[in-house]
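Report on the structure given below.
Letters A, B, C, D and E mark the chains as written, and numbering starts fresh at 1 in each.
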């Protein structure tokens, strides 16, 4: 037995700085990381196995729990994969509602990101503000779906419940409020010299390696590559809405933060447009008896853009009332393992939690 | 010695005062922080409850002798320094011993607690503690430079190294040192940001990477005792600043009960106002990395301190 | 004169009052329930009103909040963390998954009843429990503490054998330091 | 279908370079079926020559009736904006597959997961032995013949009322002594 | 027989005896040394009269032996430390070879120091100085090839110092016609007006021993490479010989120069002060990046000597008193610390702080010594180190108006907390790993000297007056009148005081109260656990993982202070040395790295100078 020279630091699973229940084992020399290995599995619940035991619709209760900070893209992606297998059309109104729900989910996830990003740098005030304000979005969800966090709202063929005009008004009001609040957040975070000092040049994802490492979503846009499922492969009614996909140069925490800051604005704008353009009509395409619903044999791959990046579902049906195989790939799957292990060596240990928050590492998405 | 009893009484009174005020300030700051964060916040006496709870924990874990001693060292440093600074200028009720110890002594004595704490943290064997200590000591070298510069400026300006004397001089002339040597005051103020370990200088126990830093392995009565020491230290630093720069408190010519209470009121107002500076700064700033913090202290605050010394020489 | 029994009562009352009014919650998000903890701690619900605040390491914590399902891998860490906490220590099971496995009742990797492995003071049901229910769970725990009924650290120590048997049934590779306090 | 020129062109270039079958599923979706040994060649070709630089995902399906594992590599070209599925089937006994983490670093994670969940070996794979499971000595759990419910019932303590994993309504009515209403029976999970 | 000759004779015969005994029974070689030094100490403290002078002539040169109040301070220091170090050395050196070589040189170096203290003329001063240098050099290269390079460095710098000193001595003879020190001073050799180079040359000679920048380069290596029992003396006492000389010269310069505030005196004062300050800072920041405990202490010694020189350079009453007090206290705590390093080295096998940790439970007494000494070193109240630091600061602030030097010193002193902690943490705290399970506490004969030194530190903290008494008398000899001192009250010129009695009383009372409170409170519920029982985020570390933070301990500070680390004095000297090596290749034939050749060379040079002294320096 030869004792290692470098100190071993366990960042997680029980650690206030880790983004969820996972562990990054660090070998540090001084306060510089020499080697980092991600250990996951603390949240492994065997979702994919369990979904094989449920029928097509029961799967939704499990699906939304794939990733806690932002459950709705999971539902949507699965629903779209099943719709593709079953050749099921979605009414246009439902598509608009889905877009609104998606963007609301994105917004509330951004507010958690504000809290995490600022909190990991020691700016707790912003975290308290944004997580507190996040409740307003959760209220909207609650009114629409009945659930604060888990909604099980989007089903194959549409959504579960129609939106009302009062709800729409509330959404618009909330958007106005959030727009105002975001100025406050930005003032506290982006205008702060110390935050800039901490964020600039730290946690750099190299541009030439980014796609190969599997970087997606805001971190990829942060290195200056314009890549977004919403424009690459438009789904629902995103191609009918007018929005920008922001990019920034540098690939550091600062660039990623800038991208997210602008995306927050874009989400609000998308929601406003969607509410404005939403047509009247059905919100749901009735499925047969959910218990006996048989989906034709086949394989389908669907992906959507979540706040951390693209989420893909590979759904296989063998023509029975249960899915034969469902495989989910979230953005954190690569961000949390490969990318993190690649970019952490050489960083200061003070920046690790900062970097993880900036990459959007979400452990339940990795191990499922 | 006929005044021995009075001295002991005064010492106990001073300790109780420092402890109570320090704890209450901590509670008020928690409350205010909550209000800034749009929250209702805990009651102002929450810190006392926390302390009491820690003290009545049924099991306590120590990692050996130095771990056991660490809170002792902190309390020694806190109480000793407290007894050697004037609480109220020349008041009989607080017969401090500041005649028997001067600024250099206080400077060094304040380190005593940190070193004891560091040793206790070191013995626990937790790498987080050691890294926290490494950061703490490094940062200390940062903020001590402007602080000492400002003290040197005061000492040579008034040709005294005693806190008592400095207070007395301000009392007699009626001009606060903050006005007579503003540069030294500013340098000391910047240094105080580091001393209180609020953001942006709270990297020592940054939860995002070190759990709770040096105190990671302390709980129960040990953590409670450390908290008391920390509270007294907060009061000490504030009182020291007030007496050095903000004219002090208390009237040596009148030591009646009403005058004493009045002096205490002045002291509390001044210390609390001063306390709000690092607290305000902490609310709106994320934390510096260690080397950034050190470099911060070595730039403007040190420059101000040097100007302060030059000002003191030529004034 | 107050006799010993009465004074003991007063002392107990004061001690329990301090204990209940100052609950340091272990910052360990074991499952998806961790998402509601920030909401509970922030402006709308503000658990700090009740003296509830986070603690970074087990030495300083009073309450171990098991936020949801426990994978076997996590269970091992939870036991370790629980054993490192100092008495009196309390456990709150949060969410249906800790009570009966919730929707993961047939998963090969999650436990179904938390109190088989560590003693639980209060369960909060729901999936996911709202911040209000979390706070009401804490209030329930505070009541128990005030009555002196929450002393599961002692229970754990006394029934260590039983808990160990249960734990070792699940954690196959048992390489844990001894529990000695 | 005239719009699928891009996809058809891609399929042609692949089938001409390798002797493989494939088809265009719909727009942006092309799949090819390859032999186990050709997969890494195809992937490398697609990455270097055709611009498929992003490994979107990689998964495995257990076709227990055929006694085969199907491995699916999904790659994405940011320029063409097409998904290419490279599918291969391998034997279920002593499964072994080529390791592609030299082509994509991130494939390491997927392969570790598949190794653990399906028991497929990837020679030369570096990384931690465990991915998500710890001290797992049963059959790889994602295989179809692994019964998770049976395992859970055997291993974990089941709270009374939940041990049979019955519909909640039935259990409640059993306990309270009332009959299960017909409408409730209709929706019971147990068939 | 004259007591001075007797002492010198005992020393030389002891050296020979220990060399011979080693051939017969190596075990007794160390004991012989200890007995020799014990006998000398006994004789010295009972028989020697202060201010008695013995005159004799050798080869027509008038020589004087004697002890005055000033050198008496150093005599206490040298003999006391040597006695403890030789006791320590018995067990420490037990298992080594060539003990005869070591011990005879050990005694000779002490003989050299005692001789320097006795000498009242420049010739015997220089001869004993060289005896001290050679014998210490021979001990530095005791380890053979491993230390030959540091030995070479030491030798070269000593040679520079020796030549500078010799030039000054010969010039004094040439200009003032005497070798007797007191006569030379009275004749105005140090009045800093006509022959400025004489005191400067002497100061250079002394500065080499006192490791003043830029002549300090030899010190860290020589200190850390020689056996620790000798380094205790080497750093504790031998460097003080340089301080002795510097103190003498500076006091004479300040008191004998026509105008004390003459420009060149001021310049000398400033240059020396700043050199001392820079020495302190640079050595400190280099100390805190060391990973070897011995090297850390070696750099720390250089830094502490920097403080002493700053104190001497002020030339004020409080300053010189601080310097002399620090000199004694430094000898005590640095002696103790090097002994601690030695004890650890003997028991564990290494002093590399990246390899060992958690010795506190294994070596409690050693830890106690280390703790007390470190507190003294860091200058934290209430130990002796604080008294010295206090006087130094007060002297700089109140008397010498050298305000920015205060900051430099304070910076160094604050940074000293860092390496102090690094030393304690590196050796004694942190994880108790399996590798150190076999370690036991050092033998009693090693513990006793360490603990005695630690107790001295505690006592001098409470009653610094014990040391003030000899120091005040010594300062009167140097020409400072009305040196006030009090048993336990420190007073500066502005009248402010630090009352050690009050301070210690408060600290003691609070300590007792809190310690009892904390220990007794909930005694039943208090558990002591091992260092393996820590919160590692719920994970259980594997066997081979290292949980002690050892590498690059102060990396953030290093990064913040990067400009200071950029240009190392060592590097400059190395470059210079390499260039010289290339040019003067023939010197390498003379400087073979062999001590004897060097000795022969110096003697030849000395003889040549003495022969031609009349023709060279008649004016």
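Rule of thumb we're sticking to: a residue touches a chain if its C-beta (ideal position, glycine included) is under 8 Å from a C-beta of that chain, and two chains touch if they have at least 3 such contacts.
Keep in mind the model is a prediction, meaning the values are calculated, not measured.
> What chains do chain D and chain E have as common neighbours?
Touching chain D and chain E alike, sorted by label: A, C.
> Taking each chain's centre as the average of its Cα atoms, which is closest to the average over all protein Cα atoms shown?
B
> Sort the other chains by how far their Cα centres are from that of chain D and give me the top one.
Of all chains, E has its centre farthest from that of chain D.
> From the C-alpha centres, identify the chain that is farthest from chain C.
So the farthest one, by centre of C-alpha atoms, is E.
> Quick check: which two chains are joined by the most contacting C-beta pairs?
The largest set of C-beta contacts joins the chains B-E.
> Would you mind pulling out the distance in Å between where the CA atoms of chain C average out and where those of chain D do?
37
> Would you kindly tell me how far, in whole Å, the mean C-alpha position of chain B lies from that of chain A?
The answer is 45 Å.
> Give, as an integer number of Å, the spacing between the C-alpha centres of chain D and chain A.
So the centroids are 22 Å from each other.
> Could you work out how far the Cα centre of chain C sits from that of chain E, in whole Å?
The mean C-alpha positions of chain C and chain E differ by 58 Å.
> Would you mind listing the residues of chain E that make contact with two or more other chains?
Correct list: 525, 527, 529, 532-533, 535-539, 547-549, 553, 555-556.
> Got the chain D residues that touch at least 2 other chains?
132-134, 141, 146, 148-149
> Mind pulling the residue numbers of chain C that touch at least two other chains?
In chain C, 27-28, 42-43, 56-59, 73, 77, 81, 87, 106-110, 181 touch at least two other chains.
> When you check every pair of chains, which ones turn out to touch?
A-B, A-C, A-D, A-E, B-C, B-E, C-D, C-E
> What residues of chain B sit close enough to touch chain E in their complex?
11, 55, 57-66, 68-69, 71-72, 75-76, 79-80, 83-84, 97, 99-102, 104-105, 108-109, 111-112, 114-115, 118-119, 122-127, 130-131, 133-135, 137-138, 140-142, 144-145, 148-149, 152, 155-156, 159-162, 165, 211, 216-217, 220-222, 225, 289-291, 294-295, 298, 306, 309, 313
> Provide the residue numbers of chain E that touch chain C in the complex, in ascending order.
Residues of chain E touching chain C: 525, 527, 529, 532-533, 535, 537-540.
> Which residues of chain C touch chain E in their complex?
28, 57-59, 77-78, 80-81, 84, 87, 175-177, 180-181
> Provide the residue numbers of chain B that touch chain C in the complex, in ascending order.
30, 34, 37-42, 46, 49-50, 52-53, 56-61, 207, 211-212, 215-220, 223
> Would you mind writing out the residues of chain E in touch with chain B in their complex?
Spelled out, the residues of chain E in touch with chain B are 357-358, 360-361, 364, 371, 375, 378-381, 386, 389-390, 393-394, 397-398, 401, 403-404, 406-407, 410-411, 414-415, 417-418, 420-421, 424-425, 429-432, 492, 494, 496-499, 502-503, 506-507, 510-511, 514-515, 518-519, 521-522, 525-537, 547-549, 553-557, 559-561.
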